[in-house]
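Across the two complexes that follow, chain A remains constant while its partner is chain B and subsequently chain C.
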Partner chain A sequence: MRLPQFTYHSPDTLEGVLALLDEHRDNAGVLAGGTDLLVRMKHRLAGPKVLVSLKHLDSLSYIKEMSGMLCIGAKTPIIDVIRSDRVKQQAPALVQACERIGAVSIQHYRGTIGGNILQDNRCIHYNQSQLHRSGRQPCHKDGGKICYARDEADRCNSTCQSDGATALMAMDAHLVLNSTRGEHRVALDGFYTTDGIHPFDMQPDELLTKIDIPVVPGAVSAYQRLSYRSAIDYPIVCAGIRLVPDQKDAGCIGSARIVVGAMSRSPLFLAKVSQSLAGVRFDDNTAFDRAGKDAMNAAATFAAHNAGADLAFRQAMVEKMVGRALEQAAAQVSMKIAR
Partner chain B sequence: MQTIDITLTVNDHQQIIPVKPNDTLLEVVRDYLDLTGSKEGCGEGVCGSCTVILDGHPVRACLTLALEANGSAVTTVEGLADGDTLTLLQQSFIDHGAVQCGFCTPGMLMSAKALLDEDSSPDRQKIRQALSGNICRCTGYAKIVDAVEHAARPEPGCPDCHTKETGGDHD
Partner chain C sequence: MTDYTLIGKRMPRMDSRAKVMGKALYTADLKLPGMLVGKILRSPHAHAKIVGIDTSKALALPGVKAVVTGADTEGVKWGVFAYTRDQQFIQTEKVRYIGDEVAGVAAVDEETALAALDFIHVEYEVLPAVFDPMTAMTTDAEPIHAEFPNNINIHVNIDTGSVDENFKKAYYIREDTFTAPEESYFHGEPYAVAARFDYDDCLEIWMPNGGPHMKSKPLSNAFKIPLHKVKVKKITIGGAFGGRSEICPADYICALLAKKTGRPVKIVFTREENTIGTRQGHAMITTHKTGVDKEGRVLARETTCYMDGGAYSSTGPIATSVPFLSMEQAYRMESVRYNGYRIYTNKPIRGMIRVHGRGFACGLDTQLDMIAQHLGIDPVEMRLRNSRQPGEFTSTGSQVWSCAMDETIKKAAAAANWQDKFGKLPPFHGIGIGTNSVQTGFPMGIRGGSQSFVKFNEDGEATVMSGVVDNGQGNENMLVQIAAEELGLLPEDIHLVSADTETTSSDPGSYSQVSTFVGGQAVKNAAANCRQKLFDVAAKILKADPGKLTAKNRMIYVTDDPKKAVSIKKTVRVALLNFTSVNAEGGYWPRVDMKREWVSNPYGQMCEAFSFGTTIIEVKVDPDTGQVTVLNAVACQDVGKALNPLVLEGQFEGSVAMGGQGGMLTEYHDWQEGRCLNPTMLEYKVPLACDMPEITGIIVESVDPRGPYGAKEAGMSIAMSAAQAYAGAVSNAIGVYMDSFPLTPDKIVAAIREKRQAGK
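And then the complex of A and B:
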C-alpha cells in the first residue's frame, strides 16, 4: 500500500519543528513513531502535505522526576516507559497500559507516549481502506453527513482507544504544549473536545512536548483492559484507577480517580463515582463492586457501536474492568503496608 | 518526485540509496534492493510479516519511512544465513515444523532473533510475548514457539533437534 506524496523535514531543534508547524499549520503533520499516522495516510484518512519528523529531537525523550512531578518527554518510546523503574514505582498503571499497547514489534520501539495520547479516535466504519469506504456515502468524520455507528447521530462518536491516555488521566496527568507563541499546560481531563472529528483541544501549530504526572505520597494505581486478542488489538473497554490513602487513616481511601477508556470520544473521568469511594476501606470489595456497577451505568450512555464487539457486552465489561482495577490498586496498599 | 539519498547499512553492507519521501523501508528493501524475504501482508501494521531489525530492535518495515531509517542498520531475513549455512534458529524452524506456507516466517524469525539477541534463554511466556505481534495462519504457533525455545536451549533427547550438538549460537 503506497503512502500519498508529501515533503519531509526532520529539524534538529525544537524551534525548527515549531517554526515549520507555524508555517504549514493544517497542512503539516507531526511524525513521531508513525504507527498511527502512517496507517491513516495509507488509508487516505489523513493527507498532510508536509511531514515534520521528531527524529532528531532526542531532547524530548526522557523520564525524570522534578518538583513533585514525574515528567515524561513526548517522544519517549513506549519501551522506555515499560522498562523505567521510576514509572513502575510512581505510576504502575502507566506501565501496565503501555505493556498492553499493540505488540512489541509494532510500537514498543518506534511508538511514542506522545503519539499514543494523540493518536486519532477510531471507529470500525471509518478506519478502513479507501476501497472499502468508496462503496458507500462518507460519514461525518470522513467529510459526509451520516453516521454508521449510531442512527441519526448529528455528529461523530468515534472512540478514543488509547491505552496510555486512560491510565494517564487516572493519574491526573497534565500535558505541556509548545508553539512559536509560547508554552501552555493543560490537564489531560480537560484536553478533549466533544467532537469525534477533532477530538483534541489543540491548535495545529502546537507540539506536545511533555507529560507531567503528579507524584502523590502513598498513591497506588492500576490499569485493566479487554481486547479480542491480548496483543495487536486495540482495547474495547479499559479502566485506569488511582487511589490515594487518607492522611489520617492509611487503611481508608482519601481520594480516588476512576477513568473508563475506549467507551467514548475521550477517556471518561467519572467524578461522582470516584468521590463515592472517599472514606471506603481498602479491603472493602463490596464497595468496589458497587463502584464498578456505578461506573458502568455512568459510562454506558457514551458508547457508540463502533469498536467491533457487541455494545452491550462492552458496557457490561466496564463493571469488570473497573472492579478488577480497583481491587488490584487496593492490593498494592496492603503490600506497601506489609513492607 | 525528487529522491533523497539515504545511508543504510543493510545486512552489514553500507549503501547509499535514493528514496522518495513516501517510500517505506519495506518498499526500499523489497523493490530497490530486491531483498524480497520481508513480506507485505497487510501494509498497515497488523500482521508482522514485514518485521525487520532496525538498530537492534524489531519494527514494522511497512510503517517505517525509509527516510526515518537514514543512518541506521537494518537486518532482514536475508542477513541471517551465512551463504547456505543456516543459523541455529532457522534450522530449528525447519526441524520443528514451524514453517508451513512460509509467509509469516521471515517476520517470525526477525522477532525471534531480536528476542534471543537480548535474552539468550527466554522462557515460553517471553517467547510468546515477543512473537505476539506476528500472525501465522498455518501453524497454530505451538511449533514456532517450540522452534525458538529449542534454538535457545536445544533439548537433549528431542527427536526433532537436528541442532542439538551445536547449541548456543543463534547468529
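And then the complex of A and C:
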C-alpha cells in the first residue's frame, strides 16, 4: 500500500520548521520517526499535503539536567532514553516505558520520545484500512457520528496508548511547544483535551521541542504494562507511578502520582487515589493493593472496546498494574535506604 | 542399516542463502516489460445483492487500461469437488462476505488503480447476514447459497457401528464441548499474482501455490482454453500452511486483466487482503462423548463438530473430515460415530490450515486428561493405553504399516522429566502432553501420483524435473538430496527444474504432507532408473557386472573392488558417443483406496503412511494477569526416516510456534458484524522469536516400508500435538480444564477466579 501524495520538506533549522508549520498549519504533518504517521497515511486516516521532516534538527536530540529539570529533546531516539544513566537514575519509569515501545529495531532506528507522546489516539475500529471502513457508517474520529467502541456513545472513545506519556505524566513532566509566535510550556496532565478526535491541546503551528521532568530528591518511579506479546504491541492497560518520600519521615510516602494509561482518551492522573497514599509507609503492600482497587474503580468507567482484548479483563488488570508498579517503586526506596 | 551418503545427514538447505540474503525473488518482486498494476474491488458488505455495476467513470480515468466485472467472465464456478462448485471468481448476483471479489482494474500505477476502484459504482441491496454457524442453520436464516438448505455446506457422517452398545458397556462416560474461533496463517509473503498472455495466446502466470498443476486446471476451465496453454511458472514462495492450496480468484482476475489489456498485470495483496481474501482456519464447536472401561480404554466415542466454513465451500469435505481422521489415527477406539457439519456464514472462506481443528484435538485430549484424573491414571499412561499400534487398522479402515507412537510418548516423557513433574509442580506451574497423527498423502484422484525425469548433461551433471513445489518447507532440497544420493553425485551437481506446469509432469503438490512420500519417491525412482542406465554403460567400461556397481562422489566403482572406477562424467560422455540414453523417468502412485470419498464413502485405505507425534509442554502461569510463560517444550515425532534432521528440527520449531505458542495462547480473530478487526500483523498476535521457548526436538524413526528410505510426513503431528500439550499444560497449571481456545489471559484469569469462588 502506497502513501498518498505529499510535498516533502526537511528544513535545516528549527526556525525553518516552524515557518513551514505556520504556513501550512492543518495541511502540515510533522515527520520524526514516522512510525505512527506513515501507517495512518497509508490507511488514509491522515493526509497531510505537506510533510515537514525533522531529520536535520539534531539540536532537538539530547538528554541533560538543567535547573532541577531532566530535559529531553523531543527528537531524542527511544534507544538514547533507554541507555541514559541519567534517565535511569532520575526517571526509571520512563526507561521501563521506553523499553516496551515498538520493538528493538523501532527503538534504534525510528522511534522518538516526542513522537511517542504525540502518537495519535488509537481504536481497533478506527485504525483500519479503507476497505474495512467502507460499507459502514464512519465513526466520530473518521468524520461520522457513530462509535463502534461503545454503544450509543455521542463522542469518540479512542484511547491513548502511549507508553511514554503515561510514565511521563506520573513524573509530572512538562512539555515545551514552539511556534513562530514563541515558546509555550504546559504540564503534561493539562495537555490533553477530552476529545478523542483531537486529543492534544496544541495548535497546528506548534512543534513539541522538549520534555522537562522535575528532579525531585528521593523520588522513585515505576511503570507496568500489559500486552499480548512482548514486543510490537501497544499496551492494553498500563500504569505509571511516582512516589516522593515524606520530608520528615523517609519511610513514608509524602506524595504520590498514579497514572493509568491505555484506558481513556488520555493517560488518567488519578488525583484522589494518589492523595490517599500520602502518609502510607513504603512497605505497606495492603495500602498498595487498596490503591490498585481504587484505581481500577476510578479508571474502569473510561474504558471502551477499543483495543484487541476483552474489556472486562483490561479493566480488571488496572488493579494489578497499579499495584505492581507501586510495589516496584516502593522497593526502590528500600534499596536506596539499604545503600 | 544402509549407509547413505546424503540421506539422514544434516544438510543446510541450498535455497537458504538466497532467501536470507534477500536475493530470492517472490511474485511481488516480478517486473515484466509494460506491466500494469492490478487491484481488486471487494465487497464492503457481508451479504448483499448486486443490483448494478457502473464502471464507466473508472474506465474514463486517465491511466486505467481495463476494468473487469463478472460480466466479462465465462461464468464458470469453482469448487474443489464437482459437488462443491459454488464460487464465481467475480461475483455477478450477490456478495457473501466482506472481501468478496466484485471487480478488477488494471492501471499504469498503483495510485491510479486505487483511484479507479473508488470510481466503480456498485449498487447493492443489503441482505440479512449471518455470522454464527448455529444461527445459520436455523430455518429463518437467509440462505447464503440457494442450493444448500439450512446453510449446511457439508455433512460428513462416519459410523463404525456398535457405538450405542459400547456406551452401555462403558464404566465411565463423559461428554464435553470445546470451542475455538478462526485463525489465520500469516504467511511471510502476502499473496501476489503476475500474469501475461504470450504471442501464442498462452497464459503465463506466477503466484505462490500449493501445487502448480492444481492451479493450471481450474484456470484452463475458467478461460475455456486447453491445459497446455496455461503455464504456471515457478517462483519462490513464502509460506503456504494450507492457505495456498486452491485457485485464488485473484489468479483469474489478474489473467483476465492481462488478456483484456494485452499487457502483463500484477496484483499484490495487502496484508489485510491476505487475511480476509485467501483462506482462514475454521472456527469449530466440538462435542466429544467418550466412554471408557475401568482401565481407561476407549470403548465408544461420539463426536459432533460444527465448523464455521465462511462464504464458500473451499476444501470443505476434506476440512470437515481431517480433524476426525487425525484423532482416529492417533487413538484406538472400539467404536466411533462422527458427525461433522460445515456451515456457511457471511465470513471469509475457510480452508485447510497447519493446525486444522485445534478445538477438536485439544478438546479430545483435554477430555482424556479429565477421564484419566477421574480414574486415577497418569495422562502419559492414559495415552499409552489408547495409542495406535503398528499393523492395526484405523476406525475407518486404513491399515497403519509403520507406527512408533508409543516410542514418541515414552521418549518425550523421559526428556521432559514427566514422572518427576506431573502432580508435583508448585502452584500455577503445569505440564501437559498431546499426541497426534497426521496423514501422509490422501487420495487426490487423477493428480495423486507424481512423475519425474532425470537427464544427464555432457559435463556429468544432472537435471531433475519434478512437479513438486516448495512452499518454504524445504522440498527442493529434499529432491536434490534424493537425486544426488541415488545418482552418486554431489548436491551442487543437480539442477532442479520444478513446480512448472509446462516442463514438469503432473504432481499432487504439497497437499496432505505428500511431497516427500510421492514426489520424492518419484525422483528417487527416476534417479534409480537413470543410475541403472549409467551402470550398464560403466559396466562395459569397467568390464564388470552392472549389478555389482556403486555410484558415489561422482564416481562409479565396483562395489567389492573400489579401485576399479570410472567417473560419472566419463560414463555420460561415453554413453553419448555411443548413442546410448542415460536419461530416465520414474514415478510414484500412492496405493490408496480410490473408492474412498470424503462424504459418500469415508471408508478404506486413506493414505499409505501416517506420522505420529508427541509434544510435552511445561508452563508457569501468572495467576494475576493470566500471562503464560513456557518453561520447557519437548517435541518428538515418528517421521519414518529423517532425510535431513536439520530441516526437520526447523519444522518442529515452526510447528510449536504456530500450533502451540501462537495457536493456543494468542492467535484468534476478532469480529464486528463480519468485519475482521485484526487482519494485520499488529493486532493479530503471531508470536515473536523472543516469545518462543527453547524446544527440544526428538526424532523417532519407524522406517516406513513404503516411504522413500522409510520417510513419512515431517512436522505436522508436532504442530497438532503442540496445541494439545499447551492446552494440557495450562489446564494443569491452573487446575481448571479449559474448554475454550486459545487460552488468552482473560480466559485464564476468569477460570482462576471462578475456581476460587467455587472453592469458597
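Everything below uses one rule, namely that the second predicted complex is superposed on the first by the 337 of 339 C-alpha atoms of A that agree within 3 Å, B and C clash if a C-alpha of one lies under 4 Å from a C-alpha of the other, contacts with A are read in each partner's own complex, and residues count from 1 in each chain.
Going forward, contacts are C-beta pairs under 8 Å (C-beta built on N, C-alpha and C of every residue); 3 or more make two chains touch, one makes a residue touch a chain.
Note that the coordinates shown come from a computational prediction; the quantities given were computed from them, not determined experimentally.
Judged by the touch definition given at the top, the superposed model places A:Glu65 against neither chain B nor chain C. By the touch criterion defined above, A:Tyr8 reaches chain B but does not reach chain C. Contacts of A:Ser53 after superposition on the shared chain: chain B is touched, whereas chain C is not. By the document's definition of touching, neither partner reaches A:Asp201: not chain B, not chain C. Of the two partner chains, chain C is the only one touched by A:Ala316; chain B is not.
Within the superposed three-chain model, A:Arg136 lies in touch with chain C and out of touch with chain B [touch as defined at top]. By the touch criterion stated above, A:Ile106 is placed in contact with chain B alone, chain C being left untouched.
In the superposition on chain A, A:Gly34 makes contact with chain B only, while chain C stays out of contact range.
Shared-chain residue A:Ile124: touches chain C; no touch with chain B.
Chain A residues 1-2, 5, 103, 230-232 lie at the interface with chain B in one structure and with chain C in the other. Interface residues of chain A facing chain C in the complex, by the touch rule stated above, are 1-2, 5, 103, 124-125, 128-129, 131-132, 134-136, 148, 226, 228-234, 308-310, 312-313, 316-317, 320.
By the touch criterion given at the top, residues 1, 4, 20-24, 27, 40, 43-46, 48, 51, 54, 57-60, 62-65, 67-68, 107, 111, 114, 129-130, 132-135 of chain B touch chain A in their complex. Chain A meets chain B in the complex at residues 1-8, 10, 31, 34-35, 38-39, 42-43, 51, 53, 55, 79, 102-106, 108-110, 230-232. By the touch criterion stated above, chain C contacts chain A in their complex at residues 42-45, 98-99, 110-111, 114, 270, 272-273, 624-627, 666, 670, 672-673, 675-679, 681-683, 685, 687-688, 690-691, 744-746, 749-750.
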